[in-house]
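Order of writing sets the chain letters: A, B, C and D. Residues in each chain are counted from 1.
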Amino acid sequence: MSLLEITDLKTYYRASDGWVRATDGVSLSVDRGETVGLVGESGSGKTTLAKSIIRLFPKNAEIVDGSINYDGTEITELTDRQLRKQIRWSEISMIPQNAMNGFDPVYTVGSQIVEVIRYHEDDTSKKEARKRARELFNELGIDPDRIDDYPHQFSGGMAQRAMIALALCLSPNIILADEPTTALDVVIQDRILETIKEKQREIDSAMIMITHDMSVVSETCDRIAVVYGGRVVEIADAETIMMSPRHPYTLGLRNAFPDISDEDKDLISIPGTPPDLVDPDEGCRFAPRCPFATEECWEVTPEAEDYGDGHMVECHRADEIEYLQEEAAKKETWMEQEIGRPDETPPEVTSDD
Amino acid sequence: MSTETNSPVTRLFDGVANSARFIRDKFEAFEGDRLGQIGLVILATFIFIGIFARPITIDFLNITIPGLAPHDPTATRVGGRLEPPSLEHPLGTTVLGRDVFSQLIAGTRVTLLVGSLAAFMAVFIGTNIGLVSAYFGGWVDDVLMRITDIVYAVPFLPFAIVLVAILGSSIVNIIVAIVLVLWRSTARVIRSQVLSHKQRPYVESAEAIGASHVRIMYLHILPNVLPLAFLYAAFAVGWAVIAEASLSFLGFGDPTMLSWGEMIFNVYTADAIRVAWWWVFPPGIAIMLFVMSVFFIGRTLEKVVNPELRHQE
Amino acid sequence: MAFRKKNRREFIRAAGATGLAIGVAGCSSNGDGNGNGVSGAEELGEQIRELNFVVPTSGVNQFRNELANMVAANWREIGIDVDFEELDFSAHVDKAVVQQDFDASLLGWGGTPERIDPHTFIYDMHHSDNMGEGGRNTPGYSNPEYDELAELQVTQPDEEERQQTVYEAQEIIARDQPRAYIANEGGIHPYASGRITGIEPTLGEGLNSFWNMISVEPLEGDTVTMGYPSEIISLNPMQDLATPDRQFVRLIYDQLFRIGTDGLPTPWAAADEPEIEDGGRTYTVEIRDGMTFHDGEDLTIDDVEFTYNLYADSPTYGSLVDVIGEIETSGNEITFHLEEEYAPFVANVLGQVYLFPEHIWGDVEPEELSDFEDENWVGSGPFMFEDWERQSELQLRAFDDHFNPPNTERFIRIPGSDVAQQFGALESGSIDFIGAIPQPTALARIDEDDDLDGADFEDIGYVKIAYNMRREPFDNVNFRRALSYCVPKTEYVDFVRDGMGTVTHSTISEHNEFWHNPDVEEFDEDLDAARAELEEGGFGWDDDGALHFGADQ
Amino acid sequence: MGLREYVIRRLLQLVVTFWAFFTLLFVLFRLVPGDPTSMFILDGMTPEQREQRIAELGLDQPLHVQYVEYISQLLTGDFGQSFIYREPVIDIIIVRFMNTIVLMGTALFFAYLIGLTFGALMGWWRGSKFERGGIVVTLAARSSPEFWVGIVLLSVFVFWLGWFPSGGMRTTGGELGGGFLARYGSTDFLRHLFLPALTGAIVFMATPTLLMRNTMLDVLNADFIEIKKAEGLPERTVLYRHAARNSVLPIVTVMAIATGAAMGGSVVIETVFNWPGMGREMVRAVNSNDYPVAMAAFFLMGSVVIIMNFLADLAYVYLDPRVEYE
């Protein structure tokens, strides 16, 4: 039994023109101590998926179906109070994208750490809580005296470390890290990632790392789930995703980031934008942007298929892996005019075949 | 060389393009914004009434467009004393038998005049002070902002009353009094906006080219803060109209210009509030509607200037 | 745009057919249709310049503001450009009376009881001695023939003789029209007949009169509350006092004589009429026995003598008693020796000097007098000062030891922002009467409300337009007379004031029956007559109807 | 720059502002036509009396002499003597000032109490009918001049329903003077206070309502609010300790300015309700050329704004740690 077991989760938003299916039938499991990466462009639904785990979404959103089982507790069935007291932060905490905005600007960083410790641990005195905050600062490489500083007095990297301290202060079992380093410059990024990994191992917690950056996940994650259009389109261990992905979207994403092994490689981005998730039609949601889409892709929603070792892929053409990988590496494949519904502009791939 | 000759021209074009885009945005912003649309309709109606309130004679064409007001608003005894509304006098008559409906229509002009002139001048002054203050900084900024502080300490109505007592109560003096106080908020806002623009690369590059201060301020920075000035102008119209009405109500209005505020002052001094509801309510409601329409429009413009607001609606 | 006042002529031209025609009568004399387009003088000189017409704002006086508008419209009608200038009271007085920087000025002149004696209206207002800055003779009227009469009447102790002189004087100024005398603005003062009784409105003052305040009586309780649209400045009799102040100072302080309800001085603190000897140059007065001040001290003949010396020393009021040469006292009598004959001595001096307690004011330096503050305002009058909070209320209490105690135990005066606001308070019952004329709209409400009534009174003061005779073309008598023919006096009284008040043509009101000359020349709205006057004066009109001097002028 | 230097610097600016403000006033009032004797001329003041009075008041002195004299007088805390009443200005003005402060203070208090609550709710229920209706109502109130609101309230509550007195500050004939509580604590006073204060509250309410709604929206969208929720803190804590605390910042500045507007607007409300306040006194003083009183009234109104602005700045330093002492 995994620590966290998400089954067929559907989180929808009410919008003026219908339901936005931000998470639409996602299943995912996370083991103790494991790091799972959620990768996708912005708007793909990865953040909603992660926040659904602690039911942290606006008033107009709700989990319409599915289950989130955390260590035997069904999170979807908890009352708000139980959720707050038992799950949030004490079991599952988070590190936001921009730490600077993650702290309330009008209170000192230390007081905000103390606030959360004292809320969850009734018998911890203020003094003890402060002591723990200082220790955490020390461990994370910040001068402990700075707990009395205000957020704006920290540099970006320091603020992110302070945020990590906040996320770790209750030794949670799962940390939701939402693009924890994108706001920072590259040199600091690595050091912060290292720090996170180190602390994670120390307290043996699992982590869900949300990012659009393939290079970040490849270094830090055990397994990677690729999210598109509110669904997990491909999931496998990090190496498989990086070396031999089967989904065209994963291929495209990989193209968009520099390859550590091949410095000369051109960066290719996927044309188009993520789909509108308001009441989507049948068919693969990636089809409109996919250079390999066939008639079937437009008509039939692909089911997840298992390719061994937990490598699940939702694609009709996942079997043609060599061809796909070869073609996807070419820049021309991703030219915008090459893509579209077959009957409008027939893509070469199909006529060639 | 090419950049040097190019730069002012392109900047100018950019400025024009910017304004064009702003105006287009403005109208786009009204789409789907019910309040903004209502505001536009009300304002357009008032403008129409204001323009055609009284007869207009075009000399060289030798034609006279008849006015909307059925009677001379100042003529006494066009009806009886304090007659309630009737077909002849849709809004009844005043204590000296003047036609309230005609007065209401004639008052629209004064309102439009005060609103537009005062707002334009206040925003013009405010924008320039804000621009100069932020652009030059240092002691210039210090002096101008201290002056702004002092103007902020001036309570508006008492100041206007004193000024009108000195200069006499004419519409021009009332506008002057309003303008002298109203520019302050625009100056502050424009200043902070310009401060942020000053740091941007395009200003640095203009400086590098050796453009003059005036050129940088008016050709490079101004087009970028103009939308904000527009917004403040919209609100200033509302405040100016309220200010004129309040002054008139206190008896400091221009005696030669019958405004809505002065109509209420007349009801008040004629001690007819309890008797002649038809004389009190129309001008009061007119003031409210007019200012509301301007505020509705301002709110919509605000979304153009500050697109973040759009997502919050 | 509402062109109500300014440049009406231009407006008419610009607007074309707008139905704005006003007073079309007499247009034909304007020469429309008789070929040459010019009437009046054979050849035209310079055009008459724009005239500066200083008038009160409608906030100061709505009635008079309307009147001014009508007058200005008529002046424009006969071809004169008018610069219509509305001013607040203080600015108006400063410009017209002090600076004398005006062409025509529309102001009122109050009809307080001490002005029932014709001296103020005849001498102060029209004698050439008083045409300096701030003087009463605002128009700068200077006519030796008239001056002689004005001086003569002061020295005539015989009332019949003096009446004849005053009659002649009135004829002369009616003929010369240094001012347009328009209307005596009597009217009604509203009161709650359901709450008070014994009201006694008098000539010129209505319910503000002294006699009313001591005779008014509450039907229930012990308090009468009076409303007045403005606040009292001071109760110090030695300060510069405005009319509302005087109306209360005289409740607290007594005089030797008071102006009676008939307008004639009657003995008050004096026991009897004065003994006049020496051809009107010696006045002897005996004071009433047993009078005391509010603090219980006796009022003696020494206090009276002290008072007159105090006035003589006062920088503010010294001139009032200038005419007194010497004062003697013996027993209960005080004798005044005058420097010269002064017919209105009883009304204007003995009736206006307030009696002071020497034990309170004795040590005050003359230049401190106007700043002196007697916290309890101790006088000997029928009311005692009780308490005062400015802009809130002034409370008085009856002085029971007075020889003529008031009928109400307490008297409260409430200042308000305006009459309209106070009328509301009268209706709601927080005020018992108002010392001001309400708007015509209130008249109907008085009729409808069983608890309310209006006290009618007439006025001897009037509203008038002063012509600045120091400047041309006002030095031309025909010009002034023509302007006076443009004043719609009847319209003003009947329509604008809804019948309150009376039209006047003389400086002495018809309600001042003894002194009023009913046979003076009359000027009411008549534009034809105005044009005829102008033609006679050698003026003429151009094609546009604008008024010009004749070429020979 | 440290806090202390900042405060000192602001204090110095305050002094300069005061001086400039005062000089402006002096010049302004000397330009008003007429002089303090104009009031009396028609009531019998002779030309000699007039000249005597002008000299007494020192108004025949050159302007700069009058200016220096007045400044030095003011430095000793003396507003001088009323030209008309001939009493110390302070005696005349202080009661009016208190009356105005009590009226406007009450109005502002309720305007902000209601406005902030209303605005916060509008922000909370964004997009709802309540919010949309609220905006229209608020803008309608903001579009109405004070006198208009006052007249409507008078018509309804006094003339029609007869629930409240039509004006004044208390029923007449009672004991005058008395302590603060005796003056402002009685039910009679509160009955008189209700309508004028309501008028002010309605007019002043719009600004805090709309501002609170906007800042609420901003703050509720802020990342840290989400973090605070993720931390498991109860909604109340998040709302009050974090969201509201941050929303208050812009309100503080606007409140200082609103106080100024309220002081200025008091003239109108006092006129409509015959309130014995400073605004009316100032109009009277201007009309009768009683400069010392008019200037003192104007000066006090301005001072309230200047001082409120100063306090707002200081409060900001305390409330928002991000403020730098520039």
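What we mean here is this: contacts are C-beta pairs under 8 Å (C-beta built on N, C-alpha and C of every residue); 3 or more make two chains touch, one makes a residue touch a chain.
Chain by chain, the UniProt names read as follows: A = ABC transporter ATP-binding protein; B, D = ABC transporter permease; C = ABC transporter substrate-binding protein.
Given the structure is predicted, the values throughout are model-derived calculations rather than measurements.
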| task | Can you figure out the chain closest to the middle, judged by Cα centres? | result | D
| query | Counting in whole Å, what is the centre-to-centre distance of chain A and chain B (ABC transporter permease), each centre being its mean C-alpha position? | reply | 51
| note | Rounded to the nearest Å, the gap between Cα centres of chain B (ABC transporter permease) and chain D (ABC transporter permease) is 24
| remark: So, in whole Å, the Cα centroid of chain A is separated from that of chain C by 91
| said: Averaging over Cα atoms per chain, report the distance between chain B (ABC transporter permease) and chain C in Å. | reply: 45
| Shared-contact residues (touching 2 or more other chains) in chain A | none
| query | If you look at chain D (ABC transporter permease), which of its residues touch at least two other chains? | reply | 32-33, 159, 271, 287
| Using the touch rule from the top of the page, what residues of chain C touch 2 or more other chains? | 87-88, 91, 424
| note | Touching pairs here come out as A-D, B-C, B-D, C-D
| request: Please give the residue numbers of chain D (ABC transporter permease) that touch chain A in the complex, ascending. | output: 222-224, 226-234, 237, 242, 245-246, 249, 319-322
| query | Which of the residues in chain A end up touching chain D (ABC transporter permease) in this complex? | reply | 54, 56, 83-85, 87-90, 93-94, 96-98, 101-106, 108, 115-116, 119-120, 150, 152, 166
| query | Residues of chain C touching chain B (ABC transporter permease) in their complex? | reply | 1-6, 14-20, 22, 57-60, 62, 65-66, 69, 84-88, 91, 418-420, 423-424, 438-442, 444-445, 495-496, 498
| field | Residue numbers on chain B (ABC transporter permease) that touch chain D (ABC transporter permease), as the complex places them | value | 35, 146-147, 149-150, 152-159, 161-163, 165-166, 238, 242, 245-246, 249-250, 261, 264, 268, 273-274, 277, 280, 284, 287-292, 295-296, 299, 309, 312-313
| note | The chain B (ABC transporter permease) residues in contact with chain C across the complex are 53-55, 57, 64, 67, 71-77, 81-82, 95-96, 103, 106-107, 109-110, 113, 165, 168-169, 250-252, 255-258, 265-266, 268-276
